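Next up is a structure, given as structure tokens.
Chain lettering (A, B, C, D, E and F) follows the sequence in which the chains are written, and residue indices restart at 1 in each chain.
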Amino acid sequence: MKLVTAIIKPFKLDDVREALSTVGVKGITMTEVKGFGRQKGHTELYRGAEYVVDFLPKVKLEMVVDDATVESVIDAITKAASTGKIGDGKIFVAPIEEAVRIRTGETGPEAL
Amino acid sequence: MRSLKTNPGIGLGIMAVLGLLFSTAAFAADAPPPTINSGDTAWMLTSTALVLMMTIPGVALFYGGMVRRKNLLSVAAATFATTALISVIWAIVGYSLAFKGNGAYVGDLSGLFLKGMGYNSLSGTIPESVFMTFQMTFAIITPALIIGSIVERMKFSAILLFLGAWSILVYSPIAHMVWGGGWLMGNGVQDFAGGTVVHINAGVAGLVAALVLGKRKGYGTEAMPPVNLVYTMSGAALLWVGWFGFNAGSAAAANGTAGMAMAVTQIATAVAALSWMGIEWIMRGKPTLLGMASGAVAGLVAITPASGFVGPEGAFVIGIAAGIVPFLASVYLKRMMGYDDSLDAFGVHAVGGIVGALLTGIFSAAAFGGAGLSTNAGGSILTQFLIQVKGVGFTIIYDAVVTFIILMVLKMTIGLRVTEEQESEGLDINQHGERV
Amino acid sequence: MRSLKTNPGIGLGIMAVLGLLFSTAAFAADAPPPTINSGDTAWMLTSTALVLMMTIPGVALFYGGMVRRKNLLSVAAATFATTALISVIWAIVGYSLAFKGNGAYVGDLSGLFLKGMGYNSLSGTIPESVFMTFQMTFAIITPALIIGSIVERMKFSAILLFLGAWSILVYSPIAHMVWGGGWLMGNGVQDFAGGTVVHINAGVAGLVAALVLGKRKGYGTEAMPPVNLVYTMSGAALLWVGWFGFNAGSAAAANGTAGMAMAVTQIATAVAALSWMGIEWIMRGKPTLLGMASGAVAGLVAITPASGFVGPEGAFVIGIAAGIVPFLASVYLKRMMGYDDSLDAFGVHAVGGIVGALLTGIFSAAAFGGAGLSTNAGGSILTQFLIQVKGVGFTIIYDAVVTFIILMVLKMTIGLRVTEEQESEGLDINQHGERV
Amino acid sequence: MRSLKTNPGIGLGIMAVLGLLFSTAAFAADAPPPTINSGDTAWMLTSTALVLMMTIPGVALFYGGMVRRKNLLSVAAATFATTALISVIWAIVGYSLAFKGNGAYVGDLSGLFLKGMGYNSLSGTIPESVFMTFQMTFAIITPALIIGSIVERMKFSAILLFLGAWSILVYSPIAHMVWGGGWLMGNGVQDFAGGTVVHINAGVAGLVAALVLGKRKGYGTEAMPPVNLVYTMSGAALLWVGWFGFNAGSAAAANGTAGMAMAVTQIATAVAALSWMGIEWIMRGKPTLLGMASGAVAGLVAITPASGFVGPEGAFVIGIAAGIVPFLASVYLKRMMGYDDSLDAFGVHAVGGIVGALLTGIFSAAAFGGAGLSTNAGGSILTQFLIQVKGVGFTIIYDAVVTFIILMVLKMTIGLRVTEEQESEGLDINQHGERV
Amino acid sequence: MKLVTAIIKPFKLDDVREALSTVGVKGITMTEVKGFGRQKGHTELYRGAEYVVDFLPKVKLEMVVDDATVESVIDAITKAASTGKIGDGKIFVAPIEEAVRIRTGETGPEAL
Amino acid sequence: MKLVTAIIKPFKLDDVREALSTVGVKGITMTEVKGFGRQKGHTELYRGAEYVVDFLPKVKLEMVVDDATVESVIDAITKAASTGKIGDGKIFVAPIEEAVRIRTGETGPEAL
């Protein structure tokens, strides 16, 4: 099993979730995060004092999928999340050794 | 323009006149004692509620929204506790020091614990209980405004002791001098609703406190974004609304002076909000909500001494000045001088108050549609202007000196600031055990 | 101290006197009918707005800020819906039951649907429409206060039925007995603005409801931190400000009684806020914003029956008592007894109301600067005190019994509580389909 | 029912009568000029503060809470800036266009910059300064209501220009026609507090703006959950409270008309809140806080033209209609037609206003407990109803045409909408450089 | 060392934390997340318009533990977090190569 | 590639971000989390009732870096985040098998 983590622009969330459904992803965990990267942050004003906010709002999606699906998942996310502009985000893949469904105690790919 | 003893001509409702004529007719006897006017009383009861609303929730929200999340409740708590503390001090001693007795600099202690104020005591055409409580709300908001300079670093206990002492040693004397029959009043200083007594007074004390306390950790290097400008907008709006009680209520009557005070308040405030927004738009590229709100408050501050003295013309000019000068003070002067007047109590209230107090001396002239210069001015705008300068100058010096002494005494005894670690953690948790 | 029929001497503005004298002179005829006083009317219109503001947004914010995030909107919705529901009930039947007819225990139905209230109907020196609406705002806030005891677990439908029935079966009768010409009024019970009718009444009903409903899941084991004390502070502040209308408005006139009612309200509230804060600081180590706000509300509650009867002396004493006794009730008594009076409607309102109602019987004496005991007391403070005890005692018993019956009927029919699962999920989503 | 020139019989306090009689007796001379009434003035000062509070913070919170987080401050900023902008425009030109001169369609420029308004100018029994400022608060809230239709997509600069021009070209003329002595007033249109001038006017302009602007990106496909309904509830509550000033203040006096206006306002609002809640509960399965609040506002809107004309009977009927018809318009009509009137300025204000304006023509009849039809109606309810239809119809057409022209001019010059990217990012950051 | 990640229902947080203490877990990092899975989302209303919210509030617990404890940790969480209803959540196990305690610079299992 | 996860005290965020820039980290994803560990929680008051809040506010920084940089990254964080007091936090290192830049489709270390 693999953990696929995608960091995307917040307004792309709905599109990505739909794309993931079509490739058979059944479960996703989403976190609101702040991202720092190549994309320039915006400027905020405070009584005339400006400061640059480097950390931009992003959404992190984590999903554990079986090895066979990884490719199609990456593909689906890449397509749905891309705007072609800096700051579109990243996808990371990491190994997962075990998964358990709390409700039933099932383990391994069954648990996903 | 308020006093326990006199109620100027304009202030007399037609009813009082009727009463006067009538009793003359009926009893063919001496001039009657002043009688209660239910309309004036109704408006002053209302004004008192409005001015209380300016501090809580007004100032609490206005200031609370501008600090970082970890200090939000500490600002609200300081404001709320100050409201309670000053109410008690005022009832015990402050009111007497401000409005009893004939001293040039301070009143006397004849009204300790409100001695002599009964169900039937009058002050002009309203019950003394109403006059006393109305004045109490002014005594409350003034130290509450100082909180803007000391947020995010001062110990809660030190705040209470500082503001309590300040109320007795600075606020009451200045209020006596300008409104309670003291020498500045005698000299013809025009301060209708408290440009000097409230705003310059609070703003200067704030600056001194900011200097004595020192800067917040990270000031100038870290971004300190306001936690929630919806609170700040709501606070500014409640200040605006409540200010009708502040300014029009200072007529102590429901009459033409009150009406004009309200009208010029609205005009100057709106003009100042647009001016601040405009200059910010030009110079910083964007019109901010905080800018509009700040401009509105600056306008309210500046029109305060003038309302009840000036007409619409004066209101337009004061509004423009109030949008621009405090903006420059809060943004550029502060950065240049490097003090951490955190929420600009000085930049907005002292600077706005000075602008207003001085312009009052010009636009109160009948030539500009005002209600007229003080008799001391002998018809000369220049003389009135210089009288205003004297009032402002004296207040600044007296205030700065006494504030400094109070703070140094506290610093050397209980200490003023929280520890560095507490400052990092935030005052909400470590001063109050609460969190948002 | 309010009634459709009588308006005590103090309440008469000088204008009414003038009118009286004048018409006597002019027509040399019978005593004139009471005439409208525009000043009194102005103040009562304002007071009505102020008291409405106490419930929405006041109580909604005060209570809403203290629950967990998942139940925030449900508290606001209960308060808002109660405001609407009671307004309608009051117009249809409640006002008539409270203020029409001469029953000892309850009024009659002669004013159903406000029959007979026209554009020119008067109640003393103000329009009856104003008197009716002013009273309506009292009828609204009383059940709204009960919500504090039942939050986070009671079905929305059950809340509406409970509070609607309670308004008709408990509020209107008690209001009639104490204010509308019923036997407690005849017996000389002093309850100027509703210590008994509003606060004891609401608090006791809250306790009964908390007992019948049972505790929230996790109460006593899980932390249930308040979602946002800025809301609670704002609510407390609006309660404070609005209470000027509540207490000073209960004079039904803009006069010296109203003025003193306002002054003592401010003093007692401030003293109580400091007292609660102080005792908490000593006993729990930190002064909290919630503590100050709670103390202020307790002070407002306790001075309610006394305002308009006592002077500043009484206000100081009542304030201290109101800061300490409700604190002990809310913190220690509640823990000891183990009931889940979630936001302390009983601890603050019933206990504070009892403290105030009893002390009123002492400090209304002229000897303590008060406006005087009731004539029934025959000059004896002890007698007045016992009269107060009777008023309080009767209210508690009547209220507790009828509240219990209403709740048991509902429990056996539609049920009172949401399911366990709904309680875990939060009432916002499952009762209202909304979320913050 | 307000005008600079006339103050109808009911509006005269007994004091004025006294004054009249007295001076007649004393001087046996000509009819005296109207004199100031301190009670009326007190109430109108208060009402002005209340109506200002409806816009800031009222509308700002009400609307702000309904948009998405990223646009919250932009809504507050638009409302706050509109308040300032219209205040200035009104003082410079709007007041004169509405209330000076005798044109059938619009006033004149004789009162530019408030020329002629001095400390002693009267309007009926109150100072002209009070009348002018009271009217200013109506001029402010009307364009502020339009903001509900254009949120989350319109450029800040375009909003200011649009609403500024609209105030001069639409608001002032309509106010003149209905209240300032223009032809609709002459024709007997009954619009006590602004059903036509304020609500239909704002709502229709909102619909036109929503159509010209187009839908928000994602409208109809993405969920756009309201950021915080506590703000919306607070805003609705402040609207409700402030509306006492709006409706009862429109009597321009503290008298029986004001009292009844307040009473019927409270009743209709409560009934409408319950009706909306009820129909939503039935048709959508849950009673929402937003529904109650929306119903309350719809009720306030619908009773606005009627308050001061109808009695309790009319209030009940208008309340029911106001809870149901705007619900259907906001939920079903909007979906059917597909326009994005984002926060339902049209559905609530125009539809509610039309319901109220038409029903006023029926329930103002004395037969239904009202104050009576206009003299133009010759005693026929049908005639009055048709007069109302004429007033509504004319306003809709004039408003729609001029609004469309203003918007097209702006669209072709500076452009109306932010870019798509800015819309995604949210207006807070890119229009104001701020964030919550 | 392993990273054990548990996604649970928010109201089970206290129970799970206690259960973890009893099996010797010394440190946990908690994140408020939104979960998408088999559990049906709830419906929200907005002026009569309904929309389904698919992402439900969940709590994510992350703890790095030494390899020997993994079993008992999984067990403890499964027991404490289970209600038997859909949406109880998942446990994932992933490898961790290094751990550092910032305060002391300790590394490896000592650092936990 | 490795995923370096650092859990630090919130007020150290700015210092750590700067330190990371100097060692060449180009992208970071930040999450506000609550941490439970050796550091004693604070006490909150509610109408006089005290309760201890065990979960303290922390900031979690995640960055995927190539294997060669891991050492210097750990070093930079350790130095910048340390106050020497309990609760300074942890750094964890985990393997990452793939990375994708959504905008361009680049994979592997190029994508970082």
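FYI, a residue touches a chain if its C-beta (ideal position, glycine included) is under 8 Å from a C-beta of that chain, and two chains touch if they have at least 3 such contacts.
Just so we're on the same page, UniProt names per chain: A, E, F = Transcriptional regulator.
This is a predicted model, so every value here is computed, not measured.
Common partners of chain A and chain D, by the touch rule above, are B, E.
Judged by contacting C-beta pairs, the busier of the interfaces D-E and A-E is A-E.
Note: centroid distance chain C to chain D, computed from Cα atoms, is 33 Å. The mean-CA centres of chain B and chain F are about 47 angstrom from one another, to the nearest whole unit.
Here the spacing of chain A and chain C, counted between their Cα centres, is 53 Å. Each of the following residues of chain A touches two or more other chains: 31, 44-45, 50, 53, 94-95. Shown for chain C are the residues in touch with two or more other chains, namely 15, 18, 22, 37-40, 42-43, 46, 225, 254, 284, 286, 288, 290, 432-435.
Pairwise, the chains that make contact are A-B, A-D, A-E, A-F, B-C, B-D, B-F, C-D, C-E, C-F, D-E, E-F.
Against chain E, the residues of chain F that register as touching in their complex are 2, 6-8, 31, 33-38, 54-55, 58, 60, 74, 77-78, 81-95. Across the interface of their complex, chain E is touched by residues 223-226, 280, 283-284, 286, 288, 290-291, 294, 327, 330-332, 335, 344 of chain D. Chain E meets chain C in the complex at residues 11, 14, 42-45, 50, 53. Listing the residues of chain F that touch chain C in their complex gives 44-51, 53. If you check the complex, the residues on chain B that touch chain C are 15, 18-19, 22, 26, 35-43, 45-46, 48-49, 52-53, 56-57, 60-61, 64, 72-73, 76-77, 80-81, 83-85, 87-88, 91, 113-114, 117-122, 126-130, 132-133, 136, 156, 231, 254, 431-436.
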